[in-house]
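Once you scroll down, you'll see the structures, which are given as C-alpha cells.
Common to both upcoming complexes is chain A, partnered first by chain B, then by chain C.
Our next item is the complex of A and B:
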C-alpha cells in the first residue's frame, strides 16, 4: 500500500488520536516562517466561525524547513487562534505538523495530506498555499462548504485579479485547459483547492506520485484529474489574488508548468478528445468585490526578446512548427518590437503545434517546452502592449476571444493528434 | 453519658453538604398514601428505606407550601404551613424525624424573591396604597422603570411589570405575572424571611435551596441581577443562620456563570451553588464525543472558599436550561437533543435524562459516572435512577414531573386512585412507561440501572477524594477520552471516560505516578503497574474506569 511509505509512525499516532473528521485542512510548507502563522490563524478562525460543530484537523506537511516553520505551526498560541475569534469551536481542534518523506516537492506533501484525509475519512478537504498572507477564514470556508454541504468533489478558487496579471495563466494555461477539457476553469494552476474524500481516494490511486509530474506539477495535475474524471466540480471566489514571489527562475518555472500541462493533456487525451466547446463551472461563492490595480507592464521588452531569440531558435523550431506557422513567426520577428502583433490564431496554432510535437517526441521534451518560452514572451509582450491601458472589461473580452480561438482550432489539434505516432 | 440529641436534629457534622449525594424529589408526585392522586409526606416517609438503600444522603424537596399551583408550588401562598394535599405539619415533622433517623438530611425550598399573588401579604398590599404591607412589594405608576431588564420567561411574559387593577398601579415581577417580587429594600421583608427560615430550621430542616437568588433588589440602569444590595440581604440571612443553626446549609439557584462565584462571598453567603455550565457541557461533550467543552468549563470554574461546594446535576425539575451558553452551543444542543419542537421551552429542553440519551444505558451510565466523580456534590433527580421517561405534551415543565414509577401495577404503584384523578398522568409509552421502567422490576434484576446506580453511589461514597479532592486533567491526544486525577492528601483516583460510541485506545502520561498500582474501583481488579512509559488503556463505547491508585 502506498500509505505505508507515506505515513510515519508518528503521524499515524496523531491520526489515531484525531479519529474521523469532517473537515481537514492541509498546508504543505517549505520555509514559510514569514507567513505560516497567519495561515494557521485563518484556518482556526475558519474552523471556529464556520465549522464550530465539525470534527476538524489542520495538517501541516513540511518538506524539511530550516526556518522553524513546523514549530510555528505547533506552537501557534491560543491568542493566534481561538480567543481572537468571535465564535468558538465546540470540539477539540487538532493541529499536526509532520515532515513528509521521499523526494522533496509539493507532490509528496499533498500525498501525505491526502493519505491522512483518507484515513480520517475526512468529508471535506481543503489544501492551502502557505506562501501567502492573504488567505481569509471566509476563503477557506468557501473551499470547504461546496464539498461539505453541496456534494461537490472539487472546488477551484477564483481570485479577484486584474486581467493583465498572470499572463502565463491567461495567455496559455487557462485557454488551453478550457479548450481541451471543455470546462471554463479560471485558475487551473491554483495551489489551493477543496475536494471530497472520493476525489482524494481517486488521486491516491493514480501512479503519478513518484513521477516528475508529482514532484513539480501537482497543482495542475490535480485540476486535470478533477476535470477529466467523473467528479462534480465548481469554482468559488476566495480572496484577492495572493501576491507571491516565486523562488523559481522564470525559465524553469515556465518549463515546469508547460511540461505539466502537456503531460496532463497526454494523460487525459481519451477524455478531452471527445469534448467540444466548453461549459462554465458553477460559482458557489461570488468573487469579493474589491478593486485591483493593473500591474505595471513592459510589453516592448518582451517582444524585443522574442524577436531576438526567434532568430537563434530557427533550427529548433523547424521540427516543431509547421512551415506556415514558422514563416508567420519569422515575419513577425522581423518587425520592430513595437510593431509586433502576435495574433490569437497564430498563438493558438503555435501552442497546438508545440503540444503535438511534445506528443510525437520530435526531440527531448524539455527542449520543446523551453523553445516555447520566447514565443510565449512574444505573444505576452504583444498582448500587454496592445491592452496595457485598456479598461478591464476590454481586456477580459480579449482574453475571452483568445479562449474561443483555442476552442475553434481544437478540431485541428484533434485531427493531428490522431495522426501522431504514440 | 451525654444526653442524646433530639431525634429531629442529626449529630452536628460541619460541612456535611460537601460529602452529600442529594436526591431531588417532588412530594406531589413521589408517593400517595391516602389515595387522592397526590403524593404526600406519609407516602414519602414510606419510601425512605428505598432512598436509604439507594445510598443518597440528602433529600431536596420541591415546594411543599400552600400554593395555587400556577407554577408548580413555586408560587407560595403561605410560608408557614404545608399544602393540605401533602398532609399536615405533623406529617412533615414525622417525615423529618424518620429521615433523620436514617441519617438522611432534608433540604427544602425557599422562595425569597417572590410570592404568589394569592399570598395574604400581596392581597393586603394591593388592597390600598396606604396598607402597611404595600411596601412589601415593588410598585410603580408607570411600566418604564428598570427598562432594559431582561424578561426570563420570554415565551409567556411581555414585561416585568404587571398592572394591578385593584390599586391601579404596576407591580414588578421577574417571573410570572402572578408572582410579584418582594421588596427587599424594606427591612421588614428581610426580617420576615428570617422568621420563615427560623420556623423551618426550628423544625429540623437541614437547609434551603434558595430560589431565584439574583433578583432580590432592583436598581435603575442595572440588570437588576446580582446587585451588591442583594448580596447584603444574603449575608444578613447567613449571619443569622450561622449564629442560631450552625450546621445548616444554603444552596443558591443562580445560573449566570460569571456571577455565580459571587454568591459564595468569602464563605459568608451561600454554602453551595449549582454548577449550571457543567451540566450543559456534559451533555454537549457526550454528543460531540469530545472532552473539550467539559475540560474548558472545569478549568474556567473559579476557586471557591474551602467551606463551599458546587451542586452538580444532570437534570432537575426545570427545563435543561441553555440560557447561559453561546448561540452556537444553544443551536447545537437544540438540534441534537430536541428534534421535536415540543421538547423546547423557554431557552431550554423539557426532557428527562433517559429520553435525552435515547434510553441508551451506556450513555446513561457514562453521564452518571461523570456526575459522581466531578468536583461537587451530585444531585439525582427522582426517577432518573431507574431511567424514567417524560411527557413533553403535558405543558410547561410538567412532563418531567410525572409520578414516580414504583411498579408495573396500578398507577405505577404511585397511588391507588383512579388514573384520571392523578396529579399528573403516569408515563405509559412502551419505551419509558411504568410497565417497562419501574423500581420493583429493577430491584429484582442485579444488572438493572437502579442496582448499578446503587453501586455507583456506594463507590463514590467509599472515598472522600470525590467530594473534597482536587481535580487535575490529563489531556491525552485522543480527544474522545476524558481523564482526570482526583487527589486528596495521599489518596488518588484516576477517572477515565470514553465519550464516544466506538472503542478507543488512549495513552496517558502518568510518569509522575510511576510505581502506583491502579485498582479498578467497581470490580477491584488489578491493572498493570504504572511505569515510566505512557499508560495504555482501551475503552469500549461509552465505557469508563475509576482507578484507585495504591502504592505497595
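Our next item is the complex of A and C:
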C-alpha cells in the first residue's frame, strides 16, 4: 500500500492511537521556527473554541528543519495556547510532529498529511501555511466548517488585499485559471485550503506526487484538481493577505508558478476545453473588513526594462509568438517607458500563445516560461502605471475586465490547441 | 616490310578488340552498379525521410534551433537534408565500387579509403550536430537567465557562450574527420588562446564598470532588481 511508504512506523503507531478523527489540521513546515508557535496556538484555539466536541488532531509534517521547528510544535505548551481561549476542548487534542521522507518539498508533506487524513477517516481537513503569523482561529474554522457542516469538498481562502497587490496572481494566474476552468476562484495559489475526505482520497489516487508538479507546484495543482473534478467547491474569507517570508528570487518563483499553471492546464485539458464562460463560487464567510494599503511602486522601472528585454529576446520569442503579436509588442517597446500601455487583448494573446508554445514544445519548456517573465513584468509595470493612483473599485473593474478578456479569447486558444501537434 | 606492318596493325587491332571485349563487360557492370546503386540510394533516401518524419525530426530541429539555421543557409528541412546526406553516402559508395570494377590501378584502394573515411565523417557530423544543439541550448539558457537577472549585455554574453561551444565542437569534429589535422589544431589553439587573452584584457581594462555592476547584481542585499521591488504573490 502507498500508506506504508508515505507513513513511517512511528507515525502509523501514533495515528492508530489517535483513531478516527473529525477534524485534521495539517501544517507542512521547513525551518519555520519564527512563526510556527503562533500557528500551533491558533490551531489549538480553533479546536477549543469552534470544535470542542470534535475529535481533532494537528499533524506537523516537517521537511527536515534545522532550526528546531518540530520541537517547537511538540513543546507548544497547553497553557501557552489555552489561556487565551474562552472555552476548552472537551476531548484530547492530539498533536503529532513527524518528518516526511523523500525529496524536500511541500508535495511530500501534503501527501503525508493527506495519507494520515485518509487513514484516520477525517471528516474535514485543513492545510495551513506555516510561514505566516496572521492566521487566526476564525480563519482555520472558516476553512473547516464548510466541509464539516455544509458538505463542501474543497474550500479556497479569499484574502483581503489591495487589487494592485500580487500581480502574478491578478494579472496572470487568476484570470487564466478562471477562463480555463470556468470558475471564478480568487486565490488559486493559496497555500491554505480545507477539503473533504473524498477529495483527499481522490488526490492520493493521482500520479503527480513523484513528479515535478508534486515537488514545486502542489498548491496550484490541488486547486486545479478540485475545480476540474466533480467536487463541491466554495471560498471563504480568512484574513488579510499574509506577508510571507519567502526569499525565492523572482525568476525562480515565476518559473515554478507558471510552469505549474501550464502543466495543470495541459493535464486538465479534457475538462476545460468543454467549458465556456465562468461561474462564481459560493463565499461561505465574508471577507474581513480590514483596510489594506496599495503597493508603494508605480511600475515605472518595470516598463523601462521592458523595451530592452524585448529587443534582447527577439530571437527567442520568434518561434513562440505569432507574427502579429510579436509585431504589436515590438511597436509597443518602441514607445517611451511612460507611454507603454500593454493592453488586455495583447496580454491575453501573449499568454495564450505562450501556453500553446508550451503545449507544442517549440523549445525546452523551462525556456518558454522564462521568456514570458520579462513580458509579464512589462504588463505589470504598464498596469501599475495606469492604476497606481486609481481608487480600488476602478482597479477591481480593470481586473474584472481582464478576466473577461481571457474568457473572450478562449475559443481562439481552444481552436489552436486542437491544431497543435502533441 | 609491308607485310610486317600489316601484321602489326592486325595484331594491334586484334589486341584492341580483345581488350575491348574484356573491358566492355566491366563498363557495363560499372554502369549497372551505378544505376542500381542510384536506385537503392533513392530508395534508402525515401525510407530515411519517412523514418525522420515519423520521428518528427523537423519538430526536433525547430525545437533545438537547427531549423532556423538551415533556413538561413538556404538548406532544405532537416528530414530532407538527412535523406540527402544518406543518399550521397550510399550512392558514392556504389559509384566507387563501380569504378573499382574497371580495374584502374591508380584508383585501386579508393573504395577501401572511402569506407574507412565514412565512419569518421558520420562521427564528425554527429559531433557537430550535437555541438550545435548544445551551443543553441547554452545560448538560449544564458540569454534568458541574463535578461531575467538583469545582467548587462545579455546578447553579447549569450553569443559568446554559443560561439565558444561551436568553435570547440567544430574543432573536435574536424579533428575526428582528420581534415588537415595539424592545421586545424594549430588554428584552433591560436584562435582560442587569442580570444581568451583578448576577452581577459578587454574585460580587465575596459570592463571594470561592467564587472562591478554584474557583481552588484549578485548581491540582492545591496541592490534590489526592479522585478523584486514588488511582491508578486
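By definition in this document, the second predicted complex is superposed on the first by the 421 of 422 C-alpha atoms of A that agree within 3 Å, B and C clash if a C-alpha of one lies under 4 Å from a C-alpha of the other, contacts with A are read in each partner's own complex, and residues count from 1 in each chain.
Methods note: a contact is a pair of C-beta atoms (placed from the backbone, for glycine too) under 8 Å apart; a residue touches a chain by one contact, two chains touch by 3 or more.
Please read all numbers here as calculations on a predicted model, not as lab measurements.
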When the two structures are laid over each other on chain A, do chain B and chain C clash or fit?
fit
In the overlaid three-chain picture, which partner chain does A:19 touch, first (chain B) or second (chain C), both, or neither?
first
Taking the superposition as given, does A:52 touch the first partner, chain B, the second, chain C, both, or neither?
first
Should A:309 be classified as contacting the first partner (chain B), the second (chain C), both, or neither?
second
Check whether A:333 is in contact with chain B, with chain C, with both or with neither, and answer first, second, both or neither.
neither
May I ask you to decide whether A:357 touches chain B, chain C, both, or neither, giving the answer as first, second, both or neither?
neither
Once chain A of both complexes is superposed, is A:297 in touch with chain B (first), chain C (second), both, or neither?
second
Looking at chain A, which partner touches more of its residues: chain C or chain B?
C
Touching partner for A:253 - first (chain B), second (chain C), both, neither
second
Chain B and chain C, closest CA-CA distance after overlay, in Å?
40
Check: chain A residues flagged as touching chain B and also chain C none
What part of chain C is in contact with chain A in the complex they form?
56, 59, 62-65, 68, 137, 140-141, 143-145, 147-150, 154-155, 220, 225-233
Parts of chain A lying in touch with chain C, wherever the complex brings them together:
165-169, 189, 243-244, 246, 249-251, 253-254, 295, 297, 299, 301-302, 304-305, 309, 312-313, 316, 318-319, 361-364, 367, 370-371, 373-374, 377, 380, 384, 421
Parts of chain B lying in touch with chain A, wherever the complex brings them together:
284, 288, 290-293, 326, 328-329, 332, 476-480, 500, 505
Residue ranges of chain A touching chain B (in the complex, touch as defined):
13-14, 16-19, 52-53, 55, 87-92, 94
